[in-house]
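Read through the structures below before going on.
Two complexes come next, and they have one chain in common, subunit A, joined by subunit B in the first and subunit C in the second.
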Partner chain A sequence: MGKVSVLKRVSLWVLTILALVFIFLPSTYLLVISLEPSELERVPTKLSDFSLRWYIRLLHKETLPDAIRQSAMVGLLTAGLTSLFSLLSGMAYRRLRKKSYFLGLLIFPIFVPGIVGALSLSVFFRLIHIHSSMYTVVLGHVLYALPYASIVPLVSFSALKEGFIEAARDLGASGFRVFRDIVFPLTRGGILGAALFGFLLSLNEFIRAYFLSGYQETLSIYMFGQMKGGADPSIYALAGLILSVSIFLVLIALIYYALIRYRSRSFAQL
Partner chain B sequence: MKNGVESRPQVDVYLKDLSKRFGDFMAVCDLTLEVQKGEFLTLLGPSGSGKTTTLRMIGGFETPTRGEVYIQGDLANDKPPNKRVTRTVFQDLALFPHMTVGENIEYGLSFQGVNKRERKTRALEALELVDLEGLHERKVATLSGGQKQRVALARALVTQPPILLLDEPLGALDEKLRERMQGELKNLHKKLRITFIAVTHNQEEALTMSDRIAIINRGMLEQVATPRELYENPKTEFVADFIGVANIISGKIIEDNAGVKKLLSNGQEFLIPSGERFNIGDPVILAVRPERIEIGDKAKKRRNCFSAEVQNTLYKGASVEYYVILGNDQEIRIRVESKSSSADELTGDRITIGWNEGDTVVLKRESE
Partner chain C sequence: MKSRDRILFLLQLLPPALFVVILGVLPLVLIITWSFWEPTTYWIKPDLTIAAYEKFITLERYVTFIKTLRVSVTVTFLALIIGYPIAYFVRKIVNEKYRNVLLFVFIIPFFLSYIVRVFSLRLILGRYGVINNILIWTGLISEPIEGLLFSEVAVHIGLLSSYLPFMIFPIVLSIERVGESTIEASQDLGATFFHTLIRVIIPLTKPGIFAGCIFVFVSSLGSTVEWDLLGGVGEFATPQMLDSLMTALKFPSAFAISTLILALTMGALVLGFKFARIGELFETLE
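Take a look at the complex of A and B:
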């Protein structure tokens, strides 16, 4: 009996490790080869070879800073709009009776393939005579990020019992004060999570940006161009840089999410 | 229009023909009720009777479908809760989890233009009032059920409302704590001298704390009176049955050979109080309280006197209860004080029971 369960446990662990390796190996490999000083695409042979040469080279790229700035602005605008919309949908969700239908509607865009979404947006904007610009990219990114980001505040919103709002109104609060004193403090963790999600998803998005961009390209479009054009290994450095920033932000998002869950759980006991 | 009930200065809350419908369901139906200034009135009824809905309409959390709510003489139907002078202690307390005890209590004062220092002073006073000194800085999650209850009270009372609404205030507490809090609420009411309107399904609680009780059943007002009046002179079968324990004897009015009106139930005649204005043939019930029935020798002197077989004897500490059955298959419950001479184990015996008709009420029969 003991033998069978040991076998099960070991094989589960092996599977887990294999899956994690599969997930992390490509990115790790990319990070490692970005530290190889020669123009060869390889893992540095000696420990002394590890160098930041290509990272420094990034600083001299002319069009790169603009692309970074563009991605950052698009990301921030997306984060802003996503958090606003997820706040509104959270408040609507509480009041609705057919909650599952609403959730379904919210989630639906996930099932639209990226390229289909990008193409249809591009055609649509052309139809209503809106020129491609940073703002069209933002709109595309908001549509993309909203389904994912909206889920995050829902946990906070379910911790917001209607009773709290009634009690606040009984004591004299109306509209704005109810929001400021009760709704916002209890849900702001979730809203921030949604914003972070929006920023992150926007930063790494390519296909919609590609279809909806105006004159100024985003970072992912820049990288695509560099790959196509056969550039130097600084592209790997750029990838490594983006990877590091992404990981960092994801960690922050996870910590925040965990904090919300912890706080909501202790509130739920009241 | 100024001469209506609502404009009388001693009427703090006046409900006129108040009705509330939820879809197909009439939760409250043509309820008319006055609440006197400074009284402790309880809305008492079984679950789903509409009492909480009524309280919420007074507080402004539900809009009436029909009828009017007057608060201190003013029509309040369209006023939102934050514009009403009532304060509510909610059933689930609804203490703000992200604020400390002090912040919770001070919240209402921030809408009354009270400055920060004075808010704290008054919050501390409120904490003293409910016996919770020293808890100003505590987080709400660390409090016990009884403490949370008091914080909710303090939060409502610190704003000095003229009318306090309490929705099942003692529902979440265990029995010992509930009994103690009943006394404390009553004392608080006496001390503050404001109007308390409470909702409960627990009749013992209502009887203990209230000046008057409004019995509500299926959305309608059955009777509103002092606890004693309700117990001794119930006006409907529901009230007789709901308040305390009563023996309900079902039958119809007949007239005997001497022209005396009696109740006939399953072949047995019962003498009823004189002056009852029922007609011959009316379906009625007779309600007699268990403690008003005598057994043994004393019973023989009563004007309603019967032979009965004891089916069960229950020792209840301070009293003994006998479950007996009459010749017409009527079950009767009798309560005798333990220290009385007739409080013995009598199961299986045939005894005499009796009561005077003056100790009973005859009411219109409502049930089938």
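Take a look at the complex of A and C:
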């Protein structure tokens, strides 16, 4: 594509950067605001003014620790189940003949609007007499995270050649041995990636948690209540905190993903 | 050995497949069915009535529904206009070094809290927000503009910033499938850039365009947070209506509206598979 004029190239750079500013500026600005010690909604005027005052204030919020604990539990359970399902579907996927049907099924929940998915699941649980609890939120979150998370292992499973498994079998390895020595080492990057994505998506999900949780609220529900209710500036600190944790985990996940893609490519050349 | 293999295969295939069928598909079938049932005091009983759909018309619930549709369509259109050139740029023009960085950066928002992202827009659009500050600083206005936040404009902006990446990724995937030689052939035959774009590239990337539009449309249609945090007082969209109907135990009405939303999204999906060959996008992943 050498025939693109400089003008087009520059204007496309500008458009892309503007879009990135549009997507990222508000969150970044919020992070800065959260460090302003006064009650004003402004950027700290001097470097020495930056303060963690509102972050420390979070320690005194009474219902916050329970919400954090709830979100952490839901997130970890979602991560576990999501990575297990991703692993299983990755293994099954290799041997399927009609691959696109299975992939379509896995991805289907993306196409259901969040509120409809949440609402239908809540009445379904009601029908089979399952009371709202942490576990109903987990099930809703696995359904939400699986389409995104399962793509990662599918990619890493392409590193797993049928020949490797057959060779191990011919050498007398048991099914478990094949899994332990061949399948798992080659795919654990994808499985860990799926777990991280599952955790992050669960942590930041709101509408399903809202419809499916019982008495104990998750962090997202807690934050939403504070945002609607007009709380003190510690809400910026809480938002900043959850944003920083997410960004940290995303970067780890993305680096991991880049690594397994790189590795699966070098294996594909074998 | 053969039958053990078969059992092992089923043990891998069935748990995720059944999970999605039972929790992701079956509940949808249920609420579609139940939208034709009759309400009782606290729940519903079997029947075949379109009362819930009649109320949708007579109680003018369709006004809210159509407003939500209009906003979702506008946001989808804007996302396409902005997202397509970006996707093309990222996949075809920028060199490989920056490409992966850009793709990574556009993936990040998928995994950040959308509540926080929407909430942070308040700091940009508010009375003392960034935009008003900049406009006052440059002297373009002397008093802050009030109508930026808590309005339908703010809702549009919120939805667009939430879902723009959903438009970019499917289009990037489909542009990946357009061979370099196809574009060169068109240009060697004397077509201008825009001619090539309209006659060659856009038709070939129809699967990505459709998939992106469906993603953005579906997501905007079911999104509550933007309306709640950025919409004006009493600004009310379909998701809020569903929430309040559920709280008021008016189940068949809530199910009927959900059914209509599902009909729209599934209709779009079927059209996408039939006429825009969305399925091809999945092959890119294989």
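Everything that follows uses one rule, which is that the second predicted complex is superposed on the first by the 265 of 270 C-alpha atoms of A that agree within 3 Å, B and C clash if a C-alpha of one lies under 4 Å from a C-alpha of the other, contacts with A are read in each partner's own complex, and residues count from 1 in each chain.
Convention: contacts are C-beta pairs under 8 Å (C-beta built on N, C-alpha and C of every residue); 3 or more make two chains touch, one makes a residue touch a chain.
This is a predicted model, so every value here is computed, not measured.
Colleague: Looking at the superposed three-chain arrangement on subunit A, would you call subunit B and subunit C a clash or a fit?
Modeller: fit
Colleague: Using centres of C-alpha atoms, tell me the angle at subunit A that subunit B and subunit C span after the overlay, to the nearest 10°.
Modeller: Here the answer is 100 degrees.
Colleague: If we overlay the two complexes on their shared chain A, which of subunit B and subunit C does A:181 touch? Say first, second, both or neither.
Modeller: The first partner, subunit B, only.
Colleague: Applying the document's definition of touch, where does A:170 land relative to subunit B and subunit C: first, second, both, or neither?
Modeller: After superposing on A, A:170 lies in contact with subunit B but is clear of subunit C.
Colleague: Which partner does A:112 contact after superposing on A: first (subunit B), second (subunit C), both, neither?
Modeller: Second partner only, subunit C.
Colleague: Report for A:216: first if it touches subunit B alone, second if subunit C alone, otherwise both or neither.
Modeller: Touch status of A:216: no partner.
Colleague: Who touches more of subunit A, subunit B or subunit C?
Modeller: Higher number of touched subunit A residues: C.
Colleague: In whole Å, how close do subunit B and subunit C get at the C-alpha level once superposed?
Modeller: Superposition on chain A places subunit B and subunit C at a least C-alpha distance of 5 Å.
Colleague: So which bits of subunit A does subunit B touch that subunit C touches too?
Modeller: In subunit A, nothing is touched by subunit B and also by subunit C.
Colleague: Mind pulling up the subunit C residues that touch subunit A in the complex?
Modeller: Residue positions touching the partner: 4, 8-9, 11-13, 15-17, 19-21, 23-28, 30-31, 34, 82, 85-86, 88-90, 92-94, 100, 102, 104-117, 119-121, 123-124, 126, 128, 130, 160-161, 164-165, 180, 183, 187, 193, 214-215, 218-219, 221-225, 228-229, 238-239, 242-243, 246, 251, 254-255, 258, 261-262, 265-266, 269, 279, 282-283, 285-286.
Colleague: Over in the complex, which subunit A residues touch subunit C? Could you list them?
Modeller: Result: residues 1, 3-4, 8-9, 12-13, 15-16, 19-20, 22-27, 29-30, 33, 41-42, 84-86, 88-89, 91-92, 95-96, 99-100, 102-117, 119-124, 127, 139-140, 142-143, 146, 148, 150-151, 154-155, 158, 175, 197, 200-201, 203-204, 206-207, 220, 223-224, 227-228, 235, 239, 242-243, 246-247, 249-250, 253-254, 258 of subunit A touch subunit C.
Colleague: Which stretch or stretches of subunit B touch subunit A in the complex?
Modeller: Listed in rising order, the residues of subunit B that touch subunit A are 59-61, 80-82, 86-88, 90, 92-98, 107-108, 110-112, 140-141, 148, 155-156, 159.
Colleague: Residue numbers of subunit A touching subunit B in their complex, please.
Modeller: 161, 163-164, 166-174, 177, 181-182, 185-186, 266-267, 269-270
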